[in-house]
Structures are given as structure tokens and as C-alpha cells.
Amino acid sequence: MYQDVILDHYKNPHGRGLRDGDAEVHHVNPTCGDEITLRVRYDGSRIADVSYEGQGCSISQASASVLNELLVGKELAEAQRIQGTFLELMQSRGQIEPDDAMEEVLEDAVAFAGVSKYPARVKCALLSWMAWKDATAQALAGGTDAERKTA
Amino acid sequence: MGVTQLPGLLDTEAIRKDFPVLDRVLHDGKKLVYLDNAATSQKPRQVIDALSAYYERHNSNVHRGVHVLAEEATALYEGARDKVAAFVNAPSRDEVIFTKNASESLNLVANMLGWADEPYRVDRETEIVITEMEHHSNIVPWQLLSQRTGAKLKWFGLTDDGRLDLSDIEQVITEKTKIVSFTLVSNIMGTVNPVEAIVRRAQDVGALVLIDASQAAPHMVLDVQALGADFVAFTGHKMCGPTGIGVLWGRQELLEDLPPFLGGGEMIETVSMHSSTYAPAPHKFEAGTPPIAQAVGLGAAVDYLTSIGMERIARHEHALTEYAVKRLLEVPDLRIIGPTTAEDRGAAISFTLGDIHPHDVGQVLDEQGIAVRVGHHCARPVCLRYGIPATTRASFYLYSTPAEVDALVDGLEHVRNFFG
Amino acid sequence: MGVTQLPGLLDTEAIRKDFPVLDRVLHDGKKLVYLDNAATSQKPRQVIDALSAYYERHNSNVHRGVHVLAEEATALYEGARDKVAAFVNAPSRDEVIFTKNASESLNLVANMLGWADEPYRVDRETEIVITEMEHHSNIVPWQLLSQRTGAKLKWFGLTDDGRLDLSDIEQVITEKTKIVSFTLVSNIMGTVNPVEAIVRRAQDVGALVLIDASQAAPHMVLDVQALGADFVAFTGHKMCGPTGIGVLWGRQELLEDLPPFLGGGEMIETVSMHSSTYAPAPHKFEAGTPPIAQAVGLGAAVDYLTSIGMERIARHEHALTEYAVKRLLEVPDLRIIGPTTAEDRGAAISFTLGDIHPHDVGQVLDEQGIAVRVGHHCARPVCLRYGIPATTRASFYLYSTPAEVDALVDGLEHVRNFFG
Amino acid sequence: MYQDVILDHYKNPHGRGLRDGDAEVHHVNPTCGDEITLRVRYDGSRIADVSYEGQGCSISQASASVLNELLVGKELAEAQRIQGTFLELMQSRGQIEPDDAMEEVLEDAVAFAGVSKYPARVKCALLSWMAWKDATAQALAGGTDAERKTA
């Protein structure tokens, strides 16, 4: 499951650190203690920045890095499509073998396909993505801060 | 004695090969005739093997493990939940809670309601409704709840032929009623109760309904959605599964709203010394290491029963019950306690035999290899109601045969001669 | 690598033959190295066979049956109680209650005290004492009891080296304390706690003592009389027994005085619709069909452990722990959470490895066939106390070997290189 | 276990029926519903009568009949010795093979030896004997009525 792509993102994360944002969320995976604080900044409907701090396993950290790389600069609708595809892949219990079309959408994120075979780790991979979704909803609704737990 | 042919019987010759214990020979040469199925069923090879395979290959604690065994054990345990959910047609697998037996399932509901907030809370202003034919496990939890909260405990009485007397249903179930808990099938008399009438009245007054399906799940198609109840309880060991496991099905919104019962590992979301939050159902109600192997065994039992078909099992037992009632009524001085036809009744038949005490009946039958249960069958109020100290109960299952009914009837003749 | 010889080791080559799962080969050719024994132990052939034999030959519901199978099942079930009573040196077999797991045992005591009369009753005037190193199953029941009764929950904190900080014992355990509940051995840090000091102080103020022996019973001589506690809880699946069974030992006078917990069949003396009386202990606390096969399996586990000898098992684990602590401390960046010597510690060793997350440690170890547990081990307050999100825990048992310690250390080197 | 002696006593019980007494007790075996009401009358330290009514299985009924036959007319000390021996036999789980000495003490009651192998039935055999012991204690203490359950 530890693809080189994942290890690379883990060791050299993209866009790590907290910068200005329209909304900030804090998500925790209570079963393993993984945490992320994540901010989004929008430029109209374009994602201007996703900044984050967190602690957790290589999967959750690498996943946040991939997210940053994939989503920053994208239009919201496009980002949501990517998020949906990633979610589908992660919930596939190893049943989806990513094809070219999926690889085009997910880029580095296809490396997480192997993680979907490990139910205990799927939540790690999804942590930042759930946080991003939540932060986006808040940013669009006006940007109030909130603390939430990912069950 | 020739082989009696009844319509709807299963191929018991094949089925009996699956149950090792049925080969037992007792008392120098008497073949076991096991007619104590309402107390517990025997286990097919498929279930025994599933248990061994679990312990020999996959044993691990479940959840949160990142090693192979932990993942396998978790998949097996949660897979058993899927199987049970499908078996009872639960809308969601998360509505299936594994307990240690039906008694715990019933106590769980009683305790949840005692600690619940409004609108579920049972307190001194409210009423609890049960029936006079309940198993002690569906009486004592409500007596305890009533003593501890001040709520009033009410119940439906019985008619002379072993049915619920619902003539006063409007007085028994009222606006004050918070919970109505009753058995789908009586373990002592075999009576199948009219669910719909009771559920309708309970819903009219906004009361919750708990159905004790301990004697139903093993024997008929159990569809929790069709029943219309809020909770359904049953137990693994009566349905070809292992001891040490029971089930509580509950409606998801209720499981979300109601407070936990036992506290501990597995049922939490996050714990600090100052406070804790709880995991969503079903885990919220499964404190501590669950009955992992037992769930796997119950899953195998459900597979086994499903492979034969619950409708076919029900038909088999109905035919056998009809035959048994007919033959038993031929025995002089025998009085059936409960319905004397096979309509709306399960395969447990209680009776008295003149004034021969059931202990003596059971003992002399045992000497012939015939295993029945004697006593009050954890339903003493029924014995009080009919003015008898105890009964002898013969109860059948998918492997029971007309020849075993005949053996019972012959055995009873012998009992009569012995004490005559 | 040569075979490491340590004084006091058991003949693991022979012992391992009894445990079928230890032959498993994972991930194309990696032999299973099972170091997750604090979560659950593996089961010897003797226990698996006892379960099968029970279901194949003797299966019946217990008590009150007059037929052969019922008598055999009852004798086996009650015989298991005798075995467990002897195993913990209980003054009376009637003090041994079978539950579904240690969590239920602990909740049982909390609930009894909540419903008890004086002088046992826990209410808003009184205090409950636990410790910061408890398993969630010995925290959450007391939080619930405290919320429901208004009693104050207090606890002992921890020293930096993973011991109980008893310096303020006189302030923590006071005249208001009704119950002190603590673990004999920490499941996360391995710490063995000083029972005598705590029991003495509790007795001075007239508080009851409940000892959670879940991590002790499998590993050392457990003598409930020597402990001086009022209740002792433990769980079957960690001591070579099946899942689905736990034990609560309690002093007879207390079991007589305290109210029941779950209501139902088996726990009653006589039931009418209006009121019920309860059977004497242990039956008073065993509602419903008990975990019959699981008790039989636990009895076989106790026989197995006794045949090897608990003192010898303790010596084996001590030698192995000493070796493991030494070797683990050689791993760069490895920090043991808990005692860093083998004195007064059990065979569960938690650690962190630089800033590599335990999930990653566990996963990469798993790829090498090494099963450890990662996370907060149902003892999250310990992680909070030491400012870490989680640990990796290796835990040993009677079949563990120095070679497995070596495999773990090699595996950790690989983990470091992998994430380095 | 159903010795002819037991069946005889069951079908033709000795001294059944309630007559005057110094004390009366009512014992119930809650697990099977066997009941007995039993009175004792003493003539000094000699047992003048043991009268009883009850319902229950053949074992409990026969045992009451045997008790009546054995104890009426005996001195208390002798009766207690008989009761003690019977108790010992019944609690032997089939391990005691009654010898001549025991047979001399217990007479017809040795027929119950076989019952001791059946734990579920031992309480039936002992019901009347426990009731007698209890009634005797009350008679000697002054003869108040009481209702008790035999657990």
C-alpha cells in the first residue's frame, strides 16, 4: 500500500502550513488520533489556496499533500468531481482497478487505490478530503469557524 | 412402526446427518430423541466447523487492528452482522446489535428507556405493558424498571385456550404507556400472538413496541419491517447458533437517540477522564470485546437455516405439530396447556398427564432416551394462571420426525403404566 | 540468527504445537509473529476441541433438566465454575459469576452499587475512585454511574515513568469513597500496580475495592484472597479461552446483599406477575441462558494454563519482557511509554518510534508478518497524559519466543529505513 | 431410580393428611413447584406424629411417606441421626453404596440412594426432611407458624 508516490508526498508535503483562508476546520479521527486543521481560500468559485497543519500517519499526511496539489487552482465544480471520484475509489474495498479515465482525474491520488483494501486506513486517507469539503461548505456559507469530529 | 408421511416435511434423513449429537445413544442402547428444542437447539456441523475455523485460522480482537488477523476477524464479525441483518430483513446493518443472549437484549431496552430523555423516558407518570405469557426474561427486567422508576407495570391476561386476552386492549395500552413488550411465540404454550393488533394500538398511543422473537426467529420467516415493531430481540442458541450470543434489532433513530447501557471499550468515540462521547450504533451498545466467534457461528447458523429455507422449516414444523397435537390428544388423561390445534401455534407443546408430576414424566421418558423439558419453563405465571405446578413440554425443530412424535406417545403410555 | 537462551523460558517449541493459528503464513511466505496478546490470546487445540466436543455430544440448556444431556451440560457448566474458582483461589465456587466479558463484569459492579441500599449505595454524597491508566471499560461505567447518581469521580494520576502516583492517596481516597476500582496490570503500559497500598487505604475508609485483573489472570498467579479486594474482574479470551465469557468474582456477603443487575430466566427464585424473588449468587447475576459452551472452553483453558503452571508462565514472560525491553531500547528514536525495566511490569510494551505514526509502524510490521496493535489501546487518557496520539504495542504470552522479539526489532529497523 | 419401594410409598403413602401438631411449616421447592405442609407433634422428646399434605413428584411424596414411617415413635436424638444419615446419602452424588449399617438406620429410605445421582431430584427427596427439621426446631422453640422456602 505504501506506493512511492505516497511516501514522496509524506516526506515532502505540498503546501503544508496554515495561511490565510475564508474558513478553517479541525477534524479528528477519534479511533487513531489523526488530526488536521485546514483552511480554504476562494477566489470566486476558484480554489485559491488550501493550507493545512496536522499530525497523523503517512496516509493521512500524504493525502492532504495530494489534495493540495490536485485542488488548488481548480474550479469548485471540478474539485467536487475529483473529491467524489476519490471517495468512490477509497470506499471500493480494493474492488476498483483505476483505469486511464480515473487516473486522469485523480493523478497522484490513484496511488491510494491500494489503501482501500484496508478498512482501518480508509478514514486516514479521507480525513483531509472530508475537512476540505466541510471547510468549503463553510466558506461558501460565510466562513464561520467550527470544530468537528470525523466519526 | 411404519414411516409416517406428512405433507410438507423436510428431508430429515439428510438434515439429521448435519447434527452430530443426534447420533448419541443413551442408557445402553436408547437412541436420543431430542424434543427440548425450545430450551436450546442442536448445532449442525457447519456451525461447529465455523467456530473451529475461526479459532484455528483467524482469531484476533476486532476493529482498529492493522494486522491481517485483526482485519480478517473484523471482516468475519461484521460479515455476521450483515448476514443477521439480511435474515431479519433489517433496513440497515447498523440496526443489528450483538448481545450475549435474548435476556440481555430485553434488559438493554428496559435500561435504555429508564435512562432516556423525553419522549422515551419511563418514569412514575408512565406505564409499561407486558403479557401473562412472557418468559421470565421479559418479565423481570420490567419489574426491576418499574421498581426503580415508579412506572406502573400492566399486562394482558390469557384466555382458557392459551391465547392473549386482548378484549381490554384499550384499558391496558393507554396514553400513559411508553413501552409494550411481548413475545411473538410463547415458549411454554407455543401460542403465536397477533402482532398487528397490538402494534396498531401501541402506535395509536405513541408507545414503543419490543417484540421477543426468541421462539420465532428459529422457526419462521422473521421480517422486522413487516412486524412494525421498534425493537426485536432473539437469541443465537435456539436457532442452531452457539451459546453466548443474542441479537437486538432496533430502529436507527431510536438507537441514535437512546442512551448507552454498558460502558467500555468499543462503544466509545473518544474518552477523557472528564467525559466521553459514544460511537454510533451498533457499536454504542456493544461494550467490550464482543462475542466474536459466537457471531461468526451465528452467521453460519443463519446461512444453514437460509440454505434450507425458513418457509420450508415453518411448513415442516407445522405439519409435525399438527400430527403431534393429534397423537397427544389420544393419550388418556393428557391435557394440553395452550392451543389444541396447530393454527397460530409453534412447535412447543406443553401438557399435563393426569396427576403424574412432570418430573416423573420427564424422568421416565429420559430412561427411554426421550429428552423433554419439565417445570415452569421460565414462565411461571402461565402455570399459576392454569392452576398447575408445572408442565411437560415437547418441542420440535427442523430435524424432528413423525417417528419421534410416535416415540413420545409410546413413552407416555409407558409413563402411565409405570405410575398407574 | 541463533536461538537466544534466557533463564526461565518455557519449552515454546512444544507449546506452540498446541496453537494451530501459530502455523499461519501470511503475505506470501511470512510466518505469523503474533505479538497482540494483550488484545486477545490465541487458543490451544485443547480449548477448541472442548468446544466442539460440547456441541457434538452434550449440548443442552442447563439447570432444571431431567434428561441426560441437560444433566451433562449442567455438570460441565458448573464444573467450569469449580475450575475457575480453584484457579483464582476463591473461598467458594458460588462467588464466581460468569459474564460475557470483563467489561460486563465491571459494569455489573457499577450498576449494583448504583441500585444498592446503604451502606453500599453510590449517590451524590459519595465518591468513586479510579486511575488514569484504566482501560475504557473501567472508566466509562464509572462516568455513567457518576452522571446518573451525582457521585464524584476521582482518579490517581501517573508518574512520568508510567506508575500510579499515590502521593496524594489520602486526598483521593477519603471517607466519602464508596468504591475504588483499578487495574492490576495496565493493558497499555504493562505496569503492575501496588495492590496492597490501595486496598489498605480503601479498607481504612470503608470503601469497596474492585480489581480489574483482565491483564493479570492470563499471566500470573491470581489469588483473590491474597489480593484482599471485594471484587475481581477478568475476561476469558485473553487467557486462552473463547470469546463471549468473562468472570466476576465477588465476596459472598456482598453478592448476597447487593441487588441484581439483569433480570430474567435462571436468576430468579420465584416469579409472579406482581413480584419476584431472586436465586442466591452466582445465579442471581446470571440472567438468561449462560455462555455454556464458553464456560466449558474457559474451563479447558484454565486446565491448560494450570498444566503448564502460572508461576512458570510468569517466569517465562518476565524473562522475555526483560529481553524485549533491552532490545527495544537499542532501537534509535524508540521511546517506551511505561516502565523501562522488567520490574513490576507485565509483557505488554508500548512505544513510539520517532515521529513515525503508529499506524505506519503497525502496517509495515504487518507486511513482515508481525502482528502488533497500534492506537490508544482503549486507554486514551494515558496517551493524553504523555502527549502522544497513539502507541505501538507489542505484547507477549506463553508461546512467545526471543526469536519473535528479534523479529520485532528487525522489523522496526525496517520501518525506520522505510520512512527514514 | 424408581425402586419398587419408592413407587409403593408413592402409591400408598403412610400417614398422609394433616393432624394436630405442635408446629406447622410450609416448604416449597421453587424450581419445580413441589410443596409440602408438615406438622410435628412431640410427646416430650419422642415424636408422637408427623402429618403432612403436599403435591409434587413421586420422589418428594414417597420421601415424605418414608419419613413418617421411619420417624414417628422415635426419640428426637435418634431421629436426628437418621435425618443426618439420609442427608449424607442424598448429597453423595451416587458415590455412597449403602452398607448394612446404613440400611439398618435408614430402612426403606436406602431406596433413595439412586436418586442422589440426579442433582435435579435430590431437592425433591429432601423436601420433607428439611420441612421436618424446620418444624422440629419451631416445636422445640415454642411452636410458631412460619412459611419458608427451600432454595
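A few comments on the model shown:
Order of writing sets the chain letters: A, B, C and D. Residues in each chain are counted from 1.
Keep in mind that, in the parts below, contacts are C-beta pairs under 8 Å (C-beta built on N, C-alpha and C of every residue); 3 or more make two chains touch, one makes a residue touch a chain.
No experiment lies behind these values; they were computed from the predicted model shown.
Among the remaining chains, those touching chain A as well as chain C are B. The greatest centre-to-centre distance from chain C, using averaged C-alpha positions, is reached by D.
If you average the Cα atoms of chain B and of chain C, the two centres end up 31 Å apart.
Each chain gets one centre point, the mean of its Cα atoms, and the points for chain B and chain D are 39 Å apart. For the pair chain A and chain D, the distance between mean C-alpha positions equals 81 Å. Chain centres here are Cα averages; for chain C and chain D they lie 47 Å apart.
Those residues of chain C in touch with two or more other chains are numbered 64-66, 70, 270, 359, 363, 374-375. Contact with two or more other chains is made by residues 31-32, 118, 120-121 of chain A.
Within the complex formed with chain D, the chain B residues making contact are 357-360, 363-364, 374-376, 383, 389-390, 418-419. On the side of chain A, the complex with chain B involves touching residues 28, 30-32, 118-121, 149, 151. Residue ranges of chain C in contact with chain D, taken from their complex: 63-66, 70-71, 74-75, 269-270, 277, 279-280. Residues 1-2, 7, 10-11, 31-35, 55-59, 118, 120-121, 124 of chain D touch chain B in their complex. Note for the complex: chain C touches chain B at residues 20-21, 24, 26-27, 32, 34, 36, 39-40, 42-43, 47-48, 51-52, 55-61, 64-70, 99-104, 106-107, 110, 115, 132, 135-141, 143-144, 148, 153, 155, 235, 237, 242-246, 260, 262-268, 270-273, 275-276, 287-294, 359, 362-363, 365-366, 370-375, 378, 380-381, 384.
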